[in-house]
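Structures follow.
One chain, chain A, appears in both complexes that follow, with chain B as partner in the first and chain C in the second.
Coming up: the complex of A and B.
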């Protein structure tokens, strides 16, 4: 058989391929407009990147519901929700800058790699100009880094680690949710009031960065109160069975157990601690107590009656009575038949805040949006007066101290609000040691 | 040519052509059409096709040839990524030192794990590799946080030393490059309604993947490859004839570990972040799936399998109910919601189900993977004219 790659054949096909490439070409309009994915048509695309599978999928799906509701309200469908109570009146329900809002969704699987792949596809393929979502700080930090490089805005949703606006802060990333430091600062005075200042605390901590920052924050603020920290024990993530960690607590001389766990881990560790009878014990002449610094509705539902009387903190709760909260809970409830979680709330608010910043800046250019959001003060979004601090892109607002409801009346009424800690009490300097080492850098508009 | 016989040369050239034309092949639908949802020709996904293809090629040298099923290859991928990102942080944003260090470190790592694990075979070997990988994952996730940055993942920082790059502009993070050619630069070619992205990073990955493919082709055809196949067919008999098979299997293990490390380095080069999940057992399982899905022991199979899985993961997972509603809006309302409900189970968060069903179908009906499917179609195509011939008539 003769060689199939004759010189003639190669030349011929080369010529055909070459002429194909020489067809009239022009660069896309986007590359000339000065920033990544400038919307050219009548629509603008948002990317909602949430965990739809995996351990945090419940939170992710609730975030997705809130995002869809926000898009409806921005496009003038539905009852407008918080647009009616928001202190900035730039948005009129006719899209953003006259463009209809559309969205694409992606599944992060709570894995940084997958989340980044999904965000890249939103940016490169679907032309998303803003990415939002997240249910784990690792994922949020990873996607925030990606958005900084690509030149789009990242509006972080559920992420509680200090690092997101601390050592991993980025100019293109913004966080509305509160953080571990704020949990500690809000929770400690309440704990001091109910449990006294002479307590010995035992920490069980999820062994990764979020757990560590929360442990550090809570230990610092309770020690400032006069408490002693007996022991800090790290537990593997997803351990399932915590009994071997709980048994030593009894003999340690501690009288408070602090569970720096989240999601399924928290449900398991709390339930097992209660089953061990910790809360019925008297140690050092005091009633033994359990504290869960970060609460969520979904965890509370999972832990059932075990959370009754257990203190924790939240960013927002649907039982608040202000006009913004009521408007949001009403439209969310009408659409989905359930009250929103605080993950849903932060997702919804972040979407509106982005839209509002674009409208006030008059452009989708990330640098314009960053300028409009930095040091922006607003109200009417369910948290009272809020400041988006320019120095680290963290929102400062009141923090809720919660307690597991003693007598829940229905399946959503699992937590009750103990105190609304005022904003001044949870504020800190941008270069606070727990947040040091980060650098926002310059906003990046991309292409 | 290239030390290959004519058939293999032709095969290699076909692979090269297909790889280089990927931006066209993966974007068959016009940008504004409804079918554009199924386009996969955007830089990040094309890079992943090439990178995971490379990893699967390497995995196939071990699994396809020797039959040793490693459930821990993600560990090498992760080690490669971490080494590469550290190179970006300390030395230079040029991808060459990163790739070289990643290959060395993952090779040493594979040597250590392989030396221990290969004392056993079969299921025990798989479990040992799985244990090592899971150990690496746990270490990276928490204990080794100073090196790996734990859950948050190792990222570049504005104040990293980068001694070879000198003082750069400090306002934005540098981008990995190859002697000034930035990995994320893309040229977009618009032809009529179509648009095609030509990305530097993809072509770097593609060239390396082709080199990797060529290496594996040579290994498959070499006496060494023959020895590995002998291990698969009957290792005991080999040992009884006085041959010590362990050096061969260890070499295969190290080679495939280096492939995985290289893939990890490329992942980091395209997107300078290394997270611990890259080492999780699900990531190891994914490579096994890719290889089996495509066709274990075939040259092209693992690459096809890698492409198939990454396509499902990235394209199906992004179809949501809103998109389904727009597709089926021509149906009457009641029927539409039923149809949408049904398909919504298989897309979006249900993409795993689609993958699972397809995997089952392929394993049951095409045990040789996608490659066998291709071969069946090809032979059907060749024989389609001959059906009327008397050759197929039963003897009377």
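Coming up: the complex of A and C.
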């Protein structure tokens, strides 16, 4: 009896079959659907790409909690959270276009190369149709570029650099979070009222895209008040000990220190500035003050009592009293036993906004989603009426000016809302010089 | 002038930490011949001994205050630390306030045990292996220890306060008729380091145990031939080095909020310190620690950075290159060490 299977034949067949299996999911899917990772079964996959380790990991982990909560609500589990208050009623809690939402997670380690590799794996291996995440603008810009090339939507979470929707804006990328320009526009008038218009500011700035644009924005808005900028000093991310950078502040003639730091760096630099007695000093006949333009609840908790009375800004805060905020805080608080951070809020909202856009567009095709999100106006998500501007894919909404709570009554009572700055005050033209040089380009479906 | 004096003191404080870690590294290398990449993790564990003690002191009994509500509108949980309930509010709050210096009492036995367990459980199996193997295994151990700490304490820095009596500033320029204020705790750290370094040198110089260890460092074989169990003493030296690193970490917590990777940040710089000081040289490690700390601080002056941008980030490595080119054994390195 002759053997029908020759060794060469088996090897050939195996090689062909193996090649087929090894072909990335998105290449297999797009051949019949016209866009990257078109969902073919009963499920659709989201990629949650956040820093689970590194200096911004606490923010990343809170983002992940919010993403998971959003998926529960999209699939009809839990109390529905902001689905009950969202002005668009396209979502019904039965998944998206009849498909159950599942997700994969990745650890960006707050490093652009790691984040890109993680996102690439989610797109190619896991078939993610949408990537979201953030916590560092450097990472967000890098992943946004990757998503543009791969033909999937990137719903940026925590990223505050002007560049994300400025010079590095992409058609496939959308940002709900506010930006450094908006922080400056909201914060400067309050600083002028509280500290006067004759101040000398010294900037310590994290040396990467977010730090640079925040420094530029805050310096521009405070100089417009009449403040002078004495010095702008760049510090490495993750420096740990900032004493060598703080000591020169003491003899610079500055009477305000602006800390363009975030996460663990901000906790350390603020604590060390207080240790050096900066807030006890009188300079130029005025009390020395510290400003932290971008706040987060997690940073405030880390900085402890050092943050008391220090001004900053936020995208959102759990203490807001609108129906959307209350619904989200209730869902998140009951699931995790703590109030959500503003990083968690933007992550949750971005996930719902994507799902809503897909439903309204009737397709997961990125170009359909882009069309549905551009110039979309909505409400009920905790920030009042919001516009997703089509020209740069930046959300415009009210901005909060915050202050470290003077007399905290419990562990979450770290920040208090000083002012809700109306949206009109933080708006700018898409070609504003701080955002110039960018081009959205065309949406890329990946096919 | 003020800025120069301030940066000099900053350099002393930074140099203190570098010197303490480098001293432990050199002790281990000089006695056991092991290049210990887990030494930064020992510094980190010391810091987390302080965090642990404060968390223990802050364990509280919880009662509900129906007159106040939490963020979900439920009755507010009011926490009263057990130490305040048991020892009275004055003593209890003082224990929490002084948790960092009190943590020294916890850190010493913990670090001696950790050092002993590391040496007996893992590192002794790598004595006769190449340095590359030792580096790999100790680096792996450091990552494991980091991840354990991260699992229990999270990834974010944990704010630790110096005792309120030492949390202000002191006028260090008063003697010169100037007003130059400097954080008290950073001065405390410098003096604490000086005491520890002096203690280690005195122990090695003036005790029989230390004399045998020094003899073993110079010629292990001959000491062994005299019937002395030098391995046992070297194991104890590993524990001592771990203790020094731990103490350096525990007292550093009010200066730098502890996080799980703080040890790795210091480790690289401390290795440069050891190389600049001279492999195996204890005085070299201490001298290089302070020298590099001070140079790094001066390089952070805006006036210096205006001339050479970014010099603050590379000064330590630049000095290391110059020293290695001109004195390949480092400032005080001994002939024959790491030269085979």
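In this section, the second predicted complex is superposed on the first by the 417 of 447 C-alpha atoms of A that agree within 3 Å, B and C clash if a C-alpha of one lies under 4 Å from a C-alpha of the other, contacts with A are read in each partner's own complex, and residues count from 1 in each chain.
What we mean here is this: a contact is a pair of C-beta atoms (placed from the backbone, for glycine too) under 8 Å apart; a residue touches a chain by one contact, two chains touch by 3 or more.
Keep in mind it's a predicted model, so treat the numbers as computed, not measured.
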item: Fit or clash - chain C, chain B, common chain A; value: fit
item: Chain B versus chain C as contact partner of A:236, first or second or both or neither; value: both
item: Contacts of A:330 with chain B and chain C, given as first, second, both or neither; value: second
item: First, second, both or neither for A:112, with chain B first and chain C second; value: first
item: Which superposed partner A:97 touches (first chain B, second chain C, both, neither); value: neither
item: Apex chain A: angle to the C-alpha centres of chain B and chain C, given in degrees as a multiple of 10; value: 60
item: First, second, both or neither for A:210, with chain B first and chain C second; value: first
item: Chain B versus chain C as contact partner of A:280, first or second or both or neither; value: second
item: Touched partner set for A:53, first chain B, second chain C, both or neither; value: both
item: Which superposed partner A:441 touches (first chain B, second chain C, both, neither); value: first
item: First (chain B), second (chain C), both or neither touched by A:220; value: neither
item: After superposition on chain A, the shortest CA separation from chain B to chain C (Å); value: 5
item: Those residues of chain A which chain B touches in one complex and chain C touches in the other; value: 52-53, 57, 61, 236
item: Touching residues (chain side chain C, partner chain A) in the complex; value: 2-3, 6-7, 10, 13-14, 68, 70-72, 76, 150, 154-159, 161, 167-169, 181-183, 185-186, 254-257, 259, 262, 265, 296-297, 300-302, 305, 312-313
item: Residues of chain A touching chain B in the complex; value: 1, 3-5, 21, 23, 25-28, 31, 52-53, 57, 61, 68, 103-107, 111-114, 116-118, 120-122, 124-126, 136-138, 141-142, 145-146, 148-149, 161, 163, 168, 207-210, 234, 236-237, 439, 441-442, 444
item: List of chain B residues in touch with chain A within their complex; value: 6, 10, 13, 39, 42-45, 48, 138, 141-142, 145, 149-153, 155-159, 170-173, 175, 184, 188-191, 195, 197, 267, 271, 273, 275, 277-278, 280, 313-314, 317-318, 320, 322, 348-349, 351-352
item: Residues of chain A that touch chain C when the two form their complex; value: 52-54, 57-58, 61, 231, 233, 236, 238, 240-241, 243-245, 247-248, 250-252, 263-264, 267-268, 271-272, 275-277, 280-281, 298, 302-306, 318, 329-330, 333-334, 339, 409-410, 412
